[in-house]
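One structure, pasted below without further comment.
Read from first to last, the chains carry the letters A, B, C and D; within each, the first residue is number 1.
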Amino acid sequence: MRDSDKIAVGIIGASGYGGVQLVRLLLDHPKVEIVYLGGDSSAGKPYSELYPHLGHCFNLTIEPIDLDKVTSRCQVVFLGLPNGLACEIAPTLIEKGCKVLDLSADYRFSNLETYSAWYKKERSDRATAAMAVYGLPELYRDEIRQAQLIGCPGCYPTASLLALAPLLKQGLIVPETAIIDAKSGTSGGGRQAKTNLLLAEADNSLGAYGVTKHRHTPEIEQICSELAGHEIRVQFTPHLIPMVRGILSTVYATMRDPGLVREDLITIYTALYRSSPFIKVLPTGVYPQTKWACGTNLCYIGIEVDPRTDRVIVLSAIDNLIKGQSGQAIQCLNLMMGWQETLGLPQLSFYP
Amino acid sequence: MRDSDKIAVGIIGASGYGGVQLVRLLLDHPKVEIVYLGGDSSAGKPYSELYPHLGHCFNLTIEPIDLDKVTSRCQVVFLGLPNGLACEIAPTLIEKGCKVLDLSADYRFSNLETYSAWYKKERSDRATAAMAVYGLPELYRDEIRQAQLIGCPGCYPTASLLALAPLLKQGLIVPETAIIDAKSGTSGGGRQAKTNLLLAEADNSLGAYGVTKHRHTPEIEQICSELAGHEIRVQFTPHLIPMVRGILSTVYATMRDPGLVREDLITIYTALYRSSPFIKVLPTGVYPQTKWACGTNLCYIGIEVDPRTDRVIVLSAIDNLIKGQSGQAIQCLNLMMGWQETLGLPQLSFYP
Amino acid sequence: MRDSDKIAVGIIGASGYGGVQLVRLLLDHPKVEIVYLGGDSSAGKPYSELYPHLGHCFNLTIEPIDLDKVTSRCQVVFLGLPNGLACEIAPTLIEKGCKVLDLSADYRFSNLETYSAWYKKERSDRATAAMAVYGLPELYRDEIRQAQLIGCPGCYPTASLLALAPLLKQGLIVPETAIIDAKSGTSGGGRQAKTNLLLAEADNSLGAYGVTKHRHTPEIEQICSELAGHEIRVQFTPHLIPMVRGILSTVYATMRDPGLVREDLITIYTALYRSSPFIKVLPTGVYPQTKWACGTNLCYIGIEVDPRTDRVIVLSAIDNLIKGQSGQAIQCLNLMMGWQETLGLPQLSFYP
Amino acid sequence: MRDSDKIAVGIIGASGYGGVQLVRLLLDHPKVEIVYLGGDSSAGKPYSELYPHLGHCFNLTIEPIDLDKVTSRCQVVFLGLPNGLACEIAPTLIEKGCKVLDLSADYRFSNLETYSAWYKKERSDRATAAMAVYGLPELYRDEIRQAQLIGCPGCYPTASLLALAPLLKQGLIVPETAIIDAKSGTSGGGRQAKTNLLLAEADNSLGAYGVTKHRHTPEIEQICSELAGHEIRVQFTPHLIPMVRGILSTVYATMRDPGLVREDLITIYTALYRSSPFIKVLPTGVYPQTKWACGTNLCYIGIEVDPRTDRVIVLSAIDNLIKGQSGQAIQCLNLMMGWQETLGLPQLSFYP
């Protein structure tokens, strides 16, 4: 029998890395119980066949996706589906009263034309989309608290926006000069077997991809434009790093006021993130290592100013699968439910 | 002011990987508070200088080692010192009433001549050594409950003995045929900078070391002999693997009764480890991945029988720094204090 | 126009790692010119689309497999196809007078029943199979010189047999006690995208696979039986290591004469491999690192004797894609053509 | 007896990664023989004790540094010493008629005040320093041909300048907008044992270092200023990547003429590097992987233009220890001796 103090949660699209992170984190969450796993190609499989290490403590079987079942059993539904599928089922879930947290790109855009241009899919769920809130709590905490539908941010936008937001909000930089050089572990590419993500290919190597064309670009620009108060373009270049987890964003921008020193900026960041329990602004001269964030929902931020070039350089490190995906979704859930924001979310990495 | 429901714990030798694991695990432990960190070369440094990622939640400074201070402040002391140093200070700590858990080799041996032969150090603390219990709870749970001094097992012996113990206890193998081919991540070598542990040297490479001569050999043999009821020799070969954490032990032995099939052995292992919450015996045909155990105090065990050769092959996987070191020490502490054995110890890895 | 001093070589199945190693090595070979690449799914693609880094020096396009074309253009054909396909086309190639070097398992077995039992395929090419020579030059140099068809050894058998052969040849061990604990980088699994070979899965982890059932077992046993003079069974356990290239075989066996010391064995190995330019027997106390062999056709061998257990432990390290596959095939070709055995084969790794 | 067709070469400071690369490459060089290895802390050691994998083909012993011996035996001397030591001995070597190639920073700067400011060392060898040529053959080929003393470029400057030079030479960008986000494997940190370069620390992690302050900054600026025709400042940020070898430089700059498309730039780069055999400009849409360059003296360059931001993004990949260090030194030697520029330098990587 289900613990009556806990809310019933379902995950549709549970077989990938987003799914397994949700499962792992929710198993430790004191107010949630996973009652449903839904999938397509993996329907009928016990979850422990996909992830044997969980067999000792979790034995649900993945069920075919049946929205009636989902809505009758679950108060909250996480969607871990490929882009373009969530928007087919979210309207029904919303209508039946579920709270929905979508990990895909489908509900991240306030302008569906932008979505359609970058994701090559027409949308017919405008009313539902209009309800969605962008699930970055450090910027939209109040809106998330009231939301029924969350478009959870991409991993790169999470790291990049947390680094850039204070600069844009305070008008400290020339927005058009912003360049984001981002580096991600290969788990960001998902569990689908792709040749370029094989250890034999990706290990001991390094390269950029999607240069000038990565789909996280418009997502970053949407939020940056909102913060800057006018539409801006940012340069965003992702790189694949020979490691499993973690994103580092190195952000460059020209300062409006060249008189600022790094200590000023550390003070400003610290103040702006004072009520954000997962943001850790580092002291002078300390730059984040992605490993510090691994296995946690934290974002470490290091700040440097170059008086020779009048640029600010901000470095942000997150675990791409936790703060960059599933952990952040749970952080949003905590806010939606009126729980403590940090509930069930790890803050201590296992170093080394 | 210290939380009065918590016991006061000190760590002497806190700067290495054993120390930082203890700190990280104890910070999450509901009944323990770290009140003292002692060190020699690192004395005077704030702990966050050594491990900046902990700065946001832990700000003790490492103090010079002063046994009077330690014993006046701490009920429990963990020793994370190099081999040969614990035996100099444990007698004092014990005399003053502290419970002591030593991570080094100093209190692992019932026969101090064996220790002296392999570790090249004469011992003058026979009375103290005689009190020590070998801290492998799956084999010595009752003794640990009564102990004041624990000699915490080495990482290789932990993985190897958990794989071998049921075979020896039940008399299922010819003991002299036991061969342990063990593989460890490089964190087992500690945080001292050694050339062979540099990423540039160790990554994308693999080799054996200490062949026939590794100091964990007599430790494994001591316990195996005890289980077998007569003195035996085992073949133990450690290998350095290009990864951070994890040990896999591949154990080979000739079965006494060639009629046994793998399902029989899985049944026997499951039964013998039924009351051991951290041991996870895997189903037929599933072999452990070290990654499943990383970040946990678990030991996964997979079993195979080869009817062509009448051998049993047992595979055990642990996190060398948790079940192989600091986590196991805390498991012992839980038993010594009469707490639940699993208290504060993680059982879910972050996969992948 | 083709250089008339060079022989014309074709590769059927050139898209995988075996293929690209052949291409890379043959491009540096002074007496060979690649005139044909054949493939199925990759037919029509310029080779540089599969491997862009070669675009600057190699621009053949993969052609559909057409045996008439192959035999009319090529004196020598390398087959890099999946198991079970070479035996369909080798008879034609042989009949038309080509020399054939097959990288698959199809021509490794003197007993086709063994092949059929382990590879689940009936064979109708008995006459051709009877002509095949097992392509391990250190053991079958003379036979290879006379051969028209080579069954190139598997990667694990190469490392394991080079370690075991002197012991069996000289009758130094009890053959039935031989245990081979082998460790391989993930490139051994090929370029096909498989989930378990993804960097996100395989990196920072370690596990065994195919325990008691790996298909290289009967191949090792066939040669060991031949060397021992009677049929023997060996224990063979492969492990997947988080690195790209390299195999380490750790071989254990009980010595017949416990009086032998490691220096004796080093002398014996050195003598037996004196005319084998790629075998490097290491001095006392030095154990091979796989990285030393990477990018070369070398096999490093380290030897240890344990007087406590009367066992010998032999460690052998190779590059699985060169000495374990394509380099060894070229070594065979050199012998077949009467060229110097080392021609075009690298002997110096890029360390680190 | 020495091969009289070969020139006699010595290496002072041969124990580190620069040294072992030189040894490995020179062993394959048809016109060079290594006759002397000099060192300080490693004096008296056979080289194979430091690098056992070379024992089979190279058995020199490292000698104490004795300049008389060096100059009497060697026509060419490579210096692989820490910064600040080469300038103490190069004047003597030059005076005695040796050609000198220094891998350290000592002879890279035309302005010794810049050197002294960044490297904290006063210099008294102005006459010698004035003779030195910056050893980047793609930019200074003619000067190198005439030189007796080469200051070999740093690894980051090599990758960065090869990416930036055509843009600056042709006046295609606004120089002050140049941002270099560089990523290096850990072998760039040398073979000294440092905690942050341990596999346990550096693997599966990623971070920036030396932000705004790395010593390669003034070196890059010196050459960029020369190319631009006026003094400019560049933003340079190095990152440590969890891999052994390789550097990727991601270079951003604002174009003067926003009408240029990437094909234009590919044409320009191809033309400017037409006589540079080691530069491989990639076709449209292909971005370099560092692994393609590993084990070679090549530099792969990929180019992208972002019409949304009017920026050009250039990606360059090298092997930091070959094109970024020892290989480039040998390329310089080839030019100094009037040999073919590519002599003895590898152009084919072992992929994967």
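The rule is short, and it goes like this: a residue touches a chain if its C-beta (ideal position, glycine included) is under 8 Å from a C-beta of that chain, and two chains touch if they have at least 3 such contacts.
Here is each chain with its UniProt name: A, B, C, D = N-acetyl-gamma-glutamyl-phosphate reductase.
Treat the numbers as computed from the prediction; the structure is a model and nothing was measured.
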| item | value |
| --- | --- |
| Chain of greatest Cα-centre distance to chain C | A |
| Contact-richer chain pair (by C-beta pairs counted) among B-C and A-B | B-C |
| Intercentroid distance (Cα basis), chain D paired with chain B, Å | 45 |
| Distance between chain centroids, defined by C-alpha means - chain A, chain B (Å) | 36 |
| Distance between the centres, which are taken as Cα means, of chain C and chain B, whole angstrom | 39 |
| Multi-chain contact residues (two or more partners), chain D | 17, 185, 187, 191, 200-201, 203-204, 242-245, 289, 291, 294, 352 |
| Graph class of chain-chain contacts, one of line, ring, star, complete, other | complete |
| Contact footprint of chain B on chain C as seen in their complex | 176, 179, 181, 183, 185, 200-201, 203-209, 211-212, 233-235, 237, 239, 241-246, 248, 250, 252, 287-291, 294, 302, 304-306, 308-309, 311, 313, 315, 317, 352 |
| Contact set on chain A toward chain B in their complex | 17, 20-21, 24, 27-28, 51-57, 187, 191, 203-204, 244-245, 280, 282-283, 286, 289, 291-295, 298, 300, 321-322, 347-352 |
| Contacting residues of chain D [partner chain B, same complex] | 17, 185-187, 189, 191, 193-195, 197-204, 242-244 |
